[in-house]
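Next come two complexes built around subunit A: one with subunit B, the other with subunit C.
After this line comes the complex of A and B, so read on.
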C-alpha cells in the first residue's frame, strides 16, 4: 500500500474538471447570493433588535425568540397556516386526482382543451385572482347575488366577514388556483403505469372501480406521497392570496405566518421590526424543514414498501 | 481541446471589447450633456403625481442645467423600497415618504438639514406649529421641507343619493346619522346605505374612532395630564358601539367591513352609500375622478354641541427630505427654493387646502368650493397638544423603543374585530390593550436614564385648547 501517493490525473480529465467547475460557477454564485446568503442573514438578524435600516448594533440574543413564543397573534398565525395547509392539501390533491383520472381517459374528446382550461389559473397572477375573488365573494358579489336570484338566501352571506367562511373561501380559491399543476403531477404518475396491467385486469374481468382500487391507486402511492410533500410545503408559504383576498381578516382569523412576517417587516402603521420578523421567518423555515423531513420519510417508506412488494411479487 | 478553449476565450474577449465599445459610445453621448445635473425625486404623495410634473416642467424651463427625474413610488411597497435604498446607501436626492419618522432619519444621519432654506423670516409665512420640534425640526435644525400641515378626517356626502331619494337632512349628530341612514336604506330598497368607510384601511378606522372618542373622553388615546395612555375610555367604547348599532340597523354599509379606503371611495361615488368617512385629501381625489356632486361636514358628534379634537402634527409624509449623501446640494437647493415659492399655489389649484404655508397669502383660483370647507374643518379640529420632546429630546428614544415593543393591536383593529363579532368583550379587550401598552411604555422609560415619568405629564393642559409656548414655560422644567 502506497500511502500519500497522489492519484495521477491526466491532462484531458483535468480539463474536463476545469470546464465542469466553470459551468457550475454561475449556478453556485446565484445559489449563494440569492438563496444561501439571505437565509444565513435572516438567522443573523433574528438575534438583533433591528428596524431594517441603520447598523446592526443591538444584539439581543434569544430575546426575539422569547417574544415570538409569548405572542398570542404568532400562535394564531401559526394555527391558521396549519389549517390552510391541511385544507388546501386535502382539497387540491384529491380534486386534482379526480380530474387527472377523468382526463387520462384516451376516449375523452378535447382532452387538450380541458387540460389547458384547468391549467389556466396556475399561470394567472395570484394577486389578481385574489382581487377578483374578493369581488365575487363580497357582500354584493356574484355568489350572493346568484344565490339570491335562485332563492337560496334572502340576506347576503358574509363570506369574507365570518372567520369560518373566510378560511373556507381562502382554501377553495387557493386549491382552484393550484389544481392544474397538481393534476399534471398526477397525470405523469398515471401515464407511468404500464398499460399491460390494465389489459391483463380487463381480460381477468375486472371493471373500472376494481382496476382503480387494485391497480391505479396502489401504483400511484409513491408519486402521491411526493405530491403531498410538495403541496404541503408550498402551501405553508401562502402570502399573496391571503393579502389580496382577506387581508388576514376578519380580525386576524385568516392571517398566516407569511402575512404576519410581512406585517412586522414592512409595517405601514408603526416601526418596522425586521429582527423580530426574521425570527418568525426562521421558525417558519425550521417548521417547513421538519415537516419536509417527516413527509420525506413517509415517501421513502412508501417507495420502499412498493419496491419490496415488487421483489416478493 | 486547446483550439476550442482558444476559440471560446477569443469570443469572450471580443464580446467584452464590444461591450466596452458600447459603453464608450454612451459616455460620448453623456459628454454632450455634461453640464446637465440630474436630480432624483421619489414621490409617494398621491396628489404629487399631478402637481410635481407641472412644477418640474416649469422649473426645467428656467433652469436648463438641472433635470429632475421623478419616480412615483407605490405607497403600499414604499417601505421595502426605502429599506433597500438605505441599505445600499442609495437614497435619491429628494424624497417624500412615511416609511420612517423624522427622528429615525436624523438619528441615522440620512437626511440633510435645510436651515438655509427656512430662515426665521421665511418661517413666519407658515402656519403656527409647522416648525415645532418633532414636526419639521429636530433640535434647532430643520430637516423636513413642509408641504402640508398634517391632516384630519371628515364626512363626505353624496348629493346624488340625496336628490334621488328626496332626503334633505345632512346629519350632524349620531342620532341623525342613524335616522337618515335607516331612511336611505328603506327608500332605496337596500341598494344604498347611509354610512360607508374603508374598514380594511386600519389607519383610517384608527383615526376616525380616536377623533370621535375625544368628545366624551378628552383623555382618549393619551392622557396629557397624567402622562399615560388610555384606550379603554367611555369615548372609545361608545364610538365603537355607535358603529355596531349602525351596522345592525342597516345604517352602516356592510361593504365597510371588507373594503379599503380606495374601494370605499369608488363605492361612494357609485351611490352605494350617502356618507363616506375619509381624510381631507378625499376632496381632491373626488374632484380628480370628475365626481363633483358632493359636500363635506365634520365627523358626527354624540351631542349637537359636542367637541372633538385631533393633534396638530406633521408626519414624514407631510413634507420632503433631502438625502445627506446628495452630491448636488447646490442644485437641490435651487430646486427647493423654486418649490418653496411655487408648490403651495399649485397644490391649492389642485384642490388640497392643507398646505403648510399660510394659504391666505396665496391668491389662486380654487378648483371647487368645498376646498374652503375642508380647510375650516381642519382648523376647528386640529390643535397643538403638549409634546414631551419639546422639553426633553430624549423622550424620542423612549417613544421609538416602546413603539417597537407595543402590543400588536390598535384601536382600528379592535373596532373591526368588534364589528365583525370577533371581539366579544369590548371593555375587557380595550383595558388589556391599555394595560399592555402602558406596561411597555413604563419599561421603556425605566430603561432610559435621561427620562422620567414626569417628562410626560402636563397638568396645565386644558382639553380642546391649543397648548402654547407659555404653557410649556409654566411647567418650569
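After this line comes the complex of A and C, so read on.
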C-alpha cells in the first residue's frame, strides 16, 4: 500500500515485528474462535429450524422472525425488559449520584469504609444474591417480619406472588446490587471537575446548592450520559437475577427477553427450539444496538454542546 | 453542608443505610449458623442461640458444595491465567511495537465491542462440543475465557506505552532479546496492572452464571458454586439454613478478596469509564 514510504526495515526491527505477531497470535485465535465465530453463528442459527441436536439443514429464511413477532409471550418479555431497564436505570443512576455527591466531600471522615460498604454487593455473585433475596422477600421472610415489627403492615405482603410487586422487588434488588459500581463512575466524573471552579464559586459567595446546580451537575452531564448508556445496555441483558429471584414468574409477569430465550434454547420440558431462540437473541441484540446508537448520539451531543460552551466561556 | 450538625446527620444516615445495605449478608451468615427450627422462630433477630456448624458440613458433604467449590476454584484460576496472559501479551505488542497492521488490530478489537450480537452462548456451546470439550472442565474454562478483553488490553497497552524507551535500550545493550527484555525488564514493572486485571477477572469469573449453567447442563459434577446453588434450591426447598451455608461458602471468598484488594479493583473500574 505505502510502497513509496516503505523504508528498508533492518533485521532487528523485523525481529521485533515477528515477536509482536507471536504475542498477538493467542489473543487472535481466541478472538476468532470464541468471539467472532459465536457472533456470526448466532445470526446463522436464526434462519434455521433446529433443535440444537443433529445437522443444521432446515433453512427456513425469515419464518422464525415472523413467528416471533406473532408470539404474545415474546411481546410480554419485550415489555418486561423495558420496564425493568427503565426502572433500574432511573433508580440506580439517581441513587448512585446522591451517594457519590455525599462521598465526594473530602472533609468527610471514613469515606473509604462507606465506599467499601456500598460497593460490596457489586462483587457478589448475582445468582446467589437472587436466591438469598428470594428468601428475604418470601412470605415469612426478613422483609415481612421487619415491616410487621415496625408496624407498617400487619399481614405478610406476598412480594413475589403479586406481578407488580415482583417487578418492583427485581428493580430494587437489581439496583441495590449495581449502585456501588455506578457510584464509582460518578465519583470518577466528580474528581475530573477542577478544584479551582469550586474555589471560584466559593469566593463568589455561592452556597452548596447553588454550586451543585450551576457547576457540579452541568459539568457531570457528559459522563452522566455515558453512565446512562452503560447501565441501560447492561440491564437490557438481565438474566442471572431474574432466573434465580423470580424465575420469570408469577406466570411470566417478570420474564425478560434473556429468560425467554433461555426457556426456548434449553427447554427443560420437551424439545429445544434453538433456531427460534437464536432469532429472539438477534432481535434483542439489534434492539440494544439501536438503543445504544440513540443514546450514543445523545452522549455526543452533550459533549459537543459542553465543548462549545467551554469555548464561549 | 460542612457545619457540625450537618456532618453528624450525614454520618448517621450513611451508617444506618450502610447497615441496611449489607444486612442481607449479615442475615445470610447468621442464618447459616442457626438450625432450621430456630431460624423459623427467631424473627428478625440475627444472633443465633449457639453457633451451629452442622449446616456447613451438610452443604459441604451432602449437597456437593465441596465439588462445586473445587470446580469454581479451578475454572476461575484457569480463566484468570488465560485471560490475563493473553491480554498482557497483546497489550505489550500494541502498546510498544509499531508493527504493520497494528491499526487494523485496534480497529477490530474496538469494533467487536459495538457489533450487535445474538445469543452467542449456543454457538459457543456447539464449538466446545466440536472440540470435544463439552464434557470437561477445560471446555468451561475456554468458554469463560471468551470475549475480547478490551478493557484489559487497553489497560496493558496504555501502561506499556508509557514505559521510557531507555529501559528497553539498556536491556538490549545488555544483550537481552525481545523476550528477555519483556520478561526480565518490562514485566516486573507491570505488577500493579497485572494485579488489577487478575482481581477483576477473578471476581467476574467467580460470579459468572450463564456460561457454567449452560456448559454443565448435562454434567452435574462440573457445576460451579453459582450453578450448584440453583440446583440445591430446587432439591431442598425448605432447607434455608443449609442454603445460607452454601451461599456463605460461595460469597465469602470473593468478599474477602475484594476487601483485601479493593484498591486495584476500584482503580480498574474508574479507569474503564475514563
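In the analysis below, the second predicted complex is superposed on the first by the 288 of 313 C-alpha atoms of A that agree within 3 Å, B and C clash if a C-alpha of one lies under 4 Å from a C-alpha of the other, contacts with A are read in each partner's own complex, and residues count from 1 in each chain.
The rule is simple: a residue touches a chain if its C-beta (ideal position, glycine included) is under 8 Å from a C-beta of that chain, and two chains touch if they have at least 3 such contacts.
Keep in mind that this is a model prediction, so the values were computed, not measured.
Visitor: Taking subunit A as the common reference, can subunit B and subunit C both be placed on it without clashing, or not? Answer clash or fit.
Guide: clash
Visitor: Look at A:150 in the shared chain and tell me whether it touches subunit B only, subunit C only, both, or neither; answer first, second, both or neither.
Guide: In the superposition, A:150 touches no partner, neither subunit B nor subunit C.
Visitor: Considering only touches as defined above, state whether A:251 meets subunit B (first), subunit C (second), both or neither.
Guide: Only subunit B; A:251 stays clear of subunit C.
Visitor: Under the stated touch criterion, name the partner, subunit B or subunit C, that contacts more residues in subunit A.
Guide: Greater contact footprint in residues on subunit A: C.
Visitor: What is the contact status of A:203 with respect to subunit B (first) and subunit C (second): first, second, both, or neither?
Guide: After superposing on A, A:203 lies clear of both subunit B and subunit C.
Visitor: Now for A:164: first (subunit B), second (subunit C), both, or neither, which partner does it touch?
Guide: It touches nothing on subunit B or subunit C.
Visitor: Should A:136 be classified as contacting the first partner (subunit B), the second (subunit C), both, or neither?
Guide: Touch partner of A:136: subunit C, not subunit B.
Visitor: Would you sort A:52 into first (subunit B), second (subunit C), both or neither based on which partner it touches?
Guide: Once the two structures are laid over each other on A, A:52 reaches both partners.
Visitor: Now for A:15: first (subunit B), second (subunit C), both, or neither, which partner does it touch?
Guide: both
Visitor: In the superposed model, only one of 25-33, 223-231, 241-249 or 259-267 in subunit B has C-alpha atoms clashing with subunit C. Which one?
Guide: Given the superposition on chain A, subunit B and subunit C clash at 259-267.
Visitor: Take the contacts of subunit A with subunit B and those with subunit C, and give the residues found in both.
Guide: 15, 52, 134, 140, 266, 274.
Visitor: Taking the touch rule as given, give the residues of subunit A at its contact with subunit B in the complex, in rising order.
Guide: 12, 15, 49, 51-54, 67, 71, 73, 134, 138-140, 156, 158, 160-163, 247, 249-253, 266-274
Visitor: Which part of subunit B faces subunit A closely enough to touch in the complex?
Guide: For this pair, the touching residues of subunit B are 1, 5, 76-77, 79-80, 82-83, 86-87, 98, 100, 104, 107-108, 110, 200, 202-203, 206, 254-255, 257-260, 272, 400, 403-406, 408, 410, 413, 416-417, 420, 422-423.
Visitor: Could you pull out which subunit A residues touch subunit C in their complex?
Guide: Interface residues on subunit A, with respect to subunit C: 15-17, 19-21, 23-24, 26-27, 30-31, 33-43, 45-46, 52, 102, 105, 107-110, 114-121, 123-129, 131-136, 140, 142, 145-146, 149, 176, 181, 184-185, 187-189, 192, 208, 223, 226-227, 230, 239-240, 243-244, 261-262, 265-266, 274, 277-278, 280-282, 284-286, 288-289, 292.
Visitor: Please name which positions on subunit C make contact with subunit A in the complex.
Guide: Listed in rising order, the residues of subunit C that touch subunit A are 1-2, 7, 10-11, 14, 18, 21-25, 27-28, 40, 43-44, 82, 85-87, 89-90, 92-94, 96-97, 99-100, 102, 105, 108-109, 112, 114-124, 126-127, 142-143, 145-149, 153, 177-179, 203, 206-207, 209-210, 214, 217, 225-227, 229-230, 233, 240, 243-244, 247, 250-251, 254-255, 258-259, 262, 265-266, 269-270, 273-274.
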